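Can you keep this structure in mind? I'll have questions shortly.
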C-alpha cells in the first residue's frame, strides 16, 4: 500500500515507488471554500522542495501549492481544469494536482505521517 | 457651509458622547508641531453663484469644438452625443454608486457592464472584453504587459504609425519594468512600408507587435498576414483603434486575427473633455482571459435562481493577488462605460453603420475638395474619417493661422513628433458627422488663405 | 500551500421562504425585472436619427466591413426605460448612508457636474492649439497650486488617471530618481500587510520586490520595525496615512527620517487624505510622493467604479521627474510635451497616458475646493473624523475594536471577534445591513484584521442620520448576539437580488451574452 505524507502547509504526497502524487488535504479544501480554478505545472518542469508549483483559487483568494519534495513533474491532473470542484469533493482521490518523480527520497523523512498530521491539525 | 449638515450644537453633543473636549483631541496622533494652527492659504468658502462666476470666466477663455469649424482628431474625436445619454448617466444611482462590490444592490451597474463587455466584444470581433481601462493608451500599455505574461517573453515591437502618445505611454512602462522595446519610425507616405518594417523586426524573442488601424495618419491596415506572421513566431498581435466609430465601417481587428484589441472608446457617448475622462476598451481571446487586466463582470444566478451579475475572476486583480496581480488597476472608467453603452444601444447596428458612413463620406468630401487646393496633397491611400495632408511650409504655423481665421484645422504632426523634421509639413485632419458642407468650405478657404 | 482562507462563502446559499405574493411578471411594484439589450433590441431599430450620407467614392478599399456586427438597437423611449430600470437596482450616496471605508462616499455636489459640462471645459480637444485653451490650462494650473498648498509639496504630476495610476507615477519618479543617482540597484519596496492591494501590485509592476513591514498591536507601524527592515537595497516604503485601519501613523515623522537617512524614498498612499485636509500637510511630515484620489477626497463622483483622477504630489527630491505633459505658467500658459523646451534640472521620466489627465475630474475637484474654501475643507475633515468617532464610541460596547478603544480618524474599524460563536459572519452582518436600507461598510479589508468591518461615514451625514444608523447597527448586533441567525444567514431578503452564486460565476465564466442557438442547430 502506498504511504501518504503531509506538509505543515497542508499538501499531501502519496508515494508510489519513486513517484509521488501531490494534492491538498481535506482540511485545506475546507478552509479554502469552493475551489474555482487550479493552475498546474507542465510536465517536465523541475521543482524544488518548497517551490510554488501550482496555484489553487477560490472566488476570493489564491493560494500557492508548494511542492513537498524536489523532483520533476511527470503529470498534471488533466481533469481539474474543467472540474475544479473535484478538489473539494475528493481531495485525496480524484482531486490530486500533479505527480512528481522524487529526486531525493530522504526529503520524505522530513514530512509528517497521517497520525502526526492529525495531531498537528489539533493544534491549529 | 451648504455641504456640511452638522450644527455647532451637534458637534458639541457628539464630542461629549465620544468623551473628548475638542475635535483636535481626536487628532492626537498628529505630532503637535505638525498640526496646522490656522487655515491653509486658499480662499474662503463661496456660494454657488461665485463659483460659477470664477469657473465660467476660465471656461470662456477657451474656443470650443462646437463654435467653430472643427477638424481636430488624432486620438480624440468630436461627435454628437444624444441628449438622453448625459441625462441617464447623471441618474443618482449610477453617478453616486461605487464599484459593484455588493452585487445584490448593484445589479444596475453590473448589468450594464455585462452589456458593455458584450458590445465591445462584438464591435472588435473578439471573444471577451473587460469592464474598461482608463483610456486607450493605458490599455495599450497593459496589453503589452499581458502579451509578455502570455508568451513569457519580454520584447514588444511598436509600429511606426502608432499614435506617439500611445508609444510614449508603452515605452515609459516598458522601460520602468525593464522590458525590451523596438519602436519603429513613422511612415506617413507609405503605410504598407510600416507593416513591412514590423514584419521584418519580428524574431524569436518577440512577445507582441502593436499596430494601430486606422493608424495615426488615418491609413487602414489589413492585419491578416501580419497576424499570422506574428503568431507563427509565437508572438501576439495587439491591434489599437483610437477611433471606434470606424468599426461601424471597417473589418474589425478580431476578424483579421488580432489576439488583443485595445481601443479608445471616447467617440461613443463621451465628450472631448480636454483629454479625459475617456474609456479604454480591452478585448481578447477566451483562452487568454486569466491573463487579462481589469475588472470582469459575469453572469450567474441568485439564491432564488434568478439571473444576476457579479464581478468575477477577481483572483487576477490587485485586491486579491497583490504583487502577483495582472495589473494594479482598481478604479476604472465605470461611468464612461455607461455613456458608451447607452449611446451604442441608441445607435444599434443600423445607427452605428449610418454614423460611420456619414463620417467616411464627410471625410471623403473634404479630401476631394482639398485635391483642388494648390500645393496641398492628401497622403492617404485609404482612410476612414481622418487623413494626413502635406502643405507647403510649416504645418504648425498654418494651423495657427487657420485658428486665427476661426477654423481649428487639425493636429500638426510636429505637435506629436517634435523631432521629426520630415513631418513638419503634415497636418492630421479629422472629419466627423458634426462637420457641415459650410465647415468644409471654410476649411478650404482658410487653408488657401494661410499658405 | 500558502493557506489564504480569506475566502468566505461564495455560493448563493439557500433561498428560504420565497415571496408570499408572487407576481405574474416577477416584478415587485417599483422593482421591475429588466432583460438584456440583446434580448429586447433589434438590429434594424435605432434611437438616433441621422441624414443620408453623401454619395462619395469609398476610400475604405478592401477593408470595408462585410460581416454584420449583431448589435441590438433600441428607440429612445425604450432606451430611457431600460437604463432607468437598471438604475433602480443600484444603491448610491443619494440613496442612503454609504459607509464604504477607504472609498470616501461623500456627497457629490451637482454644481460640480454643471461646471464640468460648461462647453469651455467639456467641449475642448486636448490637441487643439494651446492658444485656444488658455482657460483650461489655467484651471489645471490653479488646481495644481491648490493641491500643492494643501499638501505642502512643491510639485505635482496631474496626468495620472486614478489612485493606482498615481501610485505608478510616484513609484516611477522614485525609480527615475534612484537611477539618476546611480542607485538603480535598490530593488526592494517596504509595504505593510495592511496596505491596499494596489500598493504591492504597483511596486511589482515596475520590477520592485515587495517586502512586508509589520504593524504593532496599536495598528500603526513603528519606526523600529522600519529601521530593522531598511537594508541597503531598499528603494522606498509605501505607507498609507492615515492608514487603512483608520489610524494616523504617529511615528510618521521618525519613519520619514529613517527612510531618508537610509537613502530611500517615502511614498505615501493618500487615499485617506480626506481626514487631514487643512489639518496637517504631508510635506511637513517628510513624504516624498503621494497620490490624491480626487474622486475620494475632493468628491468627484465614483460613477459606479470610475472615472477617478490621481494627481501625485512630489517633494523637492522628486520634483524634477514630473512626467509629460506639464503646464508652465508665464506670459499665458504653455504645455510642455515631449521635445518641448525644458528648464534646467527638469528630467521628465516619460508619459503616463495620452493627453493631459482627467480634466473632467479637475473641474469638479476645483469646484469642490472653491465651494468649501480653506475654512470649509478644514471643517469637512474635522466633521469626517468626528462622525467616525461618534460611530466608534456608540458601538464600542457591542462590537469589538481590534486596536482598542482609541480615537480613529475618518473611519472606524471593527473586527469579528464579537461575532464569535454567534453563527453570524461579517459577510452575513453586511448583507443584513442591506435589508435595513444601508450600503454595507468595507468588509474583509484591511486583510490584517479578521473579518474586518471598516466604516467611513464621511462628513456628509447629519447627526440624525448617524443616530439612526447607529441604532440600526445596535439592533442588528444585539440580534446576532441573541442568536437570531435567520435574520442574517440568507440576507438580503429585500434587495433586487438575493445572494448571488459567485462560485458558479468563477467556475464557468459567462462574460458576455451569446445568441441562443436556433432550435434546429442546437438539436444537431
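Per-chain numbering from 1; labels A, B and C assigned in written order.
Rule of thumb we're sticking to: contacts are C-beta pairs under 8 Å (C-beta built on N, C-alpha and C of every residue); 3 or more make two chains touch, one makes a residue touch a chain.
None of these values were measured; they are calculated from a predicted model.
Novice: Going by the touch rule set out above, what shape does the chain contact graph take here: line, ring, star, complete or other?
Specialist: complete
Novice: Taking each chain's centre as the mean of its C-alpha atoms, which one lies nearest the mean of all protein C-alpha atoms here?
Specialist: C
Novice: Provide the C-alpha centroid distance between chain A and chain B, rounded to the nearest whole angstrom.
Specialist: 45
Novice: At what distance in angstrom does the C-alpha mean of chain C lie from that of chain A?
Specialist: Computed value for the inter-centroid distance: 37 Å.
Novice: Provide the C-alpha centroid distance between chain B and chain C, rounded to the nearest whole angstrom.
Specialist: 20
Novice: Out of chain A, which residues touch more than one other chain, so two or more?
Specialist: Residues 37, 57, 59-62 of chain A touch two or more partner chains.
Novice: Tell me, which residues of chain B touch at least two other chains?
Specialist: Answer for chain B, listing residues that touch two or more other chains: 312, 314, 320-321, 324.
Novice: Where does chain C touch two or more other chains at once, residue-wise?
Specialist: Where chain C meets two or more other chains at a single residue, that happens at 6, 502, 505-506.
Novice: Mind listing the chain B positions that touch chain A in their complex?
Specialist: Touching chain A from chain B are residues 290, 312, 314-315, 320-321, 324.
Novice: Under the stated contact criterion, what part of chain A meets chain C in this complex?
Specialist: 9-11, 24, 28, 31-34, 36-37, 52, 56-66, 84-85
Novice: What residues of chain A sit close enough to touch chain B in their complex?
Specialist: Against chain B, chain A makes touches at 37, 57, 59-62.
Novice: Which residues of chain C touch chain A in their complex?
Specialist: So the residues of chain C touching chain A come out as 1-11, 444, 502-503, 505-507.
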